[in-house]
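Below you'll find the structure I mean.
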Amino acid sequence: MSEQTLWQAPVALAERLSHLRHQVWQANMDLQKHNLVTFTWGNVSGIDRESGLVVIKPSGVEYHQLSAENMVVVDLRGQVVEGTLNPSSDTATHLALYNHFPEIGGIVHTHSPQATAWAQAGRAIPALGTTHADYFYGQIACTRALSDIEIAQDYESNTGKVIIESIGDVGVMASPGILVKEHAPFTWGKNPNQAVHNAVVVEVVAGMALQTLQINADVHSINPALLDKHYLRKHGANAYYGQTNK
Amino acid sequence: MSEQTLWQAPVALAERLSHLRHQVWQANMDLQKHNLVTFTWGNVSGIDRESGLVVIKPSGVEYHQLSAENMVVVDLRGQVVEGTLNPSSDTATHLALYNHFPEIGGIVHTHSPQATAWAQAGRAIPALGTTHADYFYGQIACTRALSDIEIAQDYESNTGKVIIESIGDVGVMASPGILVKEHAPFTWGKNPNQAVHNAVVVEVVAGMALQTLQINADVHSINPALLDKHYLRKHGANAYYGQTNK
Amino acid sequence: MSEQTLWQAPVALAERLSHLRHQVWQANMDLQKHNLVTFTWGNVSGIDRESGLVVIKPSGVEYHQLSAENMVVVDLRGQVVEGTLNPSSDTATHLALYNHFPEIGGIVHTHSPQATAWAQAGRAIPALGTTHADYFYGQIACTRALSDIEIAQDYESNTGKVIIESIGDVGVMASPGILVKEHAPFTWGKNPNQAVHNAVVVEVVAGMALQTLQINADVHSINPALLDKHYLRKHGANAYYGQTNK
Amino acid sequence: MSEQTLWQAPVALAERLSHLRHQVWQANMDLQKHNLVTFTWGNVSGIDRESGLVVIKPSGVEYHQLSAENMVVVDLRGQVVEGTLNPSSDTATHLALYNHFPEIGGIVHTHSPQATAWAQAGRAIPALGTTHADYFYGQIACTRALSDIEIAQDYESNTGKVIIESIGDVGVMASPGILVKEHAPFTWGKNPNQAVHNAVVVEVVAGMALQTLQINADVHSINPALLDKHYLRKHGANAYYGQTNK
């Protein structure tokens, strides 16, 4: 709340948080719509950067019981600011990413089956075609395993730590998702909705990549020129995909 | 009905059985909702431990014809106590488990395709990630094959016998499901609903495990420290997943 | 119409055909409900044994345009007796089976994907578990390829001929379906509805069998004692599955 | 508009375009109905051959926001004639095909997962059974990779160019679809609806072919006599499938 004038801040913040609660609730429901979750195995959060407050799904609550009202608000150190339920058990992972990467506005964690299979296999998803290149500027990395100590102490924060370690030179927004080894995918975006979008992409691309290898075990990664072309026609300075240049 | 006073028991039992009939019917319907059954290839039961009465699906009746009223009530020796239909042909397997394991409150049997493939392959599902570790404290075992004599005589009871033989040191509730070789999965829980929940988990985990091996045939089982962490954060004395510690 | 008295026959036949038209139409619609067909790639027929008349789906008509009224009636030589549309292009295959096997009352042909993959691979589906054994008393056979001459002349009749050749010693009703090499499955039953049921079984079992081999390439066929047990507890003289012995 | 009399042309063209807009919109919606698209990853166009005007989906617009009215009309050089939105980023690929093949009346591009896996693998889909032979008179080809220069300059036109190069001797209408290497499938037909139909066929056949190879890695392509029989009974001069000869 650092840069607001005193008499405006409370109203503006309340409105922004109300809007963000709704966005985060909607994004959580969309996980189910896109068949990314079984039971409660997924969570979405979003951040209000001005106040540093994060809205996140409560832990272990079924999707049909979720509402904008029972989303939990925490600050960037993990203190609950609003809400009577426990926040997601993965909250510390979300916070580690928000604290490290100011570009991120929304985060998703799921156990979507095909992406999880790659995470369990401990393998990055290679960029094998334009579907992948339309969203990820290179492979979808897989983290190293956590050490026993990292698991025993601050496990969820350390999950964020190994994700941060694995972000490559292309930058966090040009590779908006990762596989945590022996666990499952995390994705992000500039807002919760975009993070969900990227969670769908990771799941679809994971399935295509496995089938591609089953057809041709010797396949190579996509021609870098084609990777550039597809990534940049959607995300580059001269992007011409969609209606954004109108 | 051993420990009830004479004038209270009949009413209380009738109410409990009515409630259990509804639970078991609902749990059977949920098998269909979760895409675990084709036709009538699945059944759920639940037990009222105080009376030792078991409510179970009738044999070979289609799901849309099921109701709380046509569930069959049997005692722990398999005698039909209430109901005009035959109980599930697998009733003796359910009873063997209820008789041996007093912790179990509900049992599910399905032929869900991915778990059945592992059962047909005669292979335990290894614990390859946290999705598995959130519910099963180690591999999902596969029984030995039944002998020809065990098949010819009391086949369904003997199916229960080989399940009981295969429960490892972690205990029946920390590994709430098993694969019967050349057959299909059985799962259980403290009530029928939890048994269905675990049937879904086994199916999802079975599919993920096959895909994991297809991506990386040399994959190892999950780090035991991570298995502990995930199982115990949901099921241990200091569990902090969900809202149960509130 | 051989054994009816002269003044009763026309009425009774009309009623039976009307009933059969409805059954066959419903069975065709059920192919779609069970996700066995893409577009018009499937057909069901049923026979009135007393008159020797067969009701079959018209060729290439979309499912939402089908009705009991536009089903086509043909005799056992393939002459259209009622109806203004062409009968299914596979009619001669259906007739070959009805003519050869008096036990059959309904026939289904689909290109359901997993069963079709086995047919294209030219491999019988081995009996790997009880799901299979509950319906098929041994493997689901795959025919030999048709010769060039058999393809050029009376192709659809010859498809029936190679199916008939491949029915093994267990008999046509104990193995109620087959894979036609490089083509797709045909199934049958005592009526159209049972033939559809068996088409679902073949598709599900085909998928399970492929996954089983992917988990364990050295798997053996099911223990014959277990095959017997499961087949006979549903279909034997002393069957005790379901409510039929009530 | 070459061969119309002056006073009729405007009215007739307006009516034809209005009809084509509706067809193209419906065909785009059908991509979703047939589960061929994730998000906006697909597009359909149709051409009015008399005027040389092409109706195509706008770029990056979600399916629920599409209408006949917001389809974009372009001429065969790619100039927007009607519409306020950007046309699909793949428009130049569509135009290359319309310009080269006068038989084509509708074109579809999707990233349907199983066909895309074959494209990413860089492999043609072999003709392994009659499902394939009912629509494609031989394999479904895969293009060569584009060169770096072809990617950098006029990428979308050059995608059309490599498709044109890969059309074999059977002709463009007897092989109504292709895989673009490292990218995804394109299909076509005499109108937009038929192009969608062929997009479904490519996806289904792609999945069947992978499973066939997993069951039998040594499988051969279909007997050419059987390929002929199935293709020609639907598409030959003496076709007898369906109701078209009535």
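When the chains are written out, they are named A, B, C and D in that same order, and each has its own residue count from 1.
The working rule: a contact is a pair of C-beta atoms (placed from the backbone, for glycine too) under 8 Å apart; a residue touches a chain by one contact, two chains touch by 3 or more.
In this text, all values refer to a predicted model and were calculated from it rather than measured experimentally.
Work out the mean CA point of chain A and of chain C, and you get 49 Å between them. In whole angstrom, the spacing between the mean C-alpha positions of chain A and chain D is 34. Annotation for chain B: residues touching 2 or more other chains are 214.
Taken as a graph of touching chains, this assembly is arranged as a ring, one closed cycle with exactly two partners per chain.
The set of touching chain pairs reads A-B, A-D, B-C, C-D, using the touch definition from the header.
By the touch rule above, chain C contacts chain B in their complex via residues 128-131, 197, 200-201, 204, 207-209, 211-212, 214-216, 219, 222-223, 225-226, 228-229, 233, 240-246. Of all residues in chain A, those touching chain B in their complex are 38-39, 41, 58-61, 85-86, 89, 111, 113-114, 116-123, 145-146, 148, 151-152, 155, 182-184, 210, 213-214.
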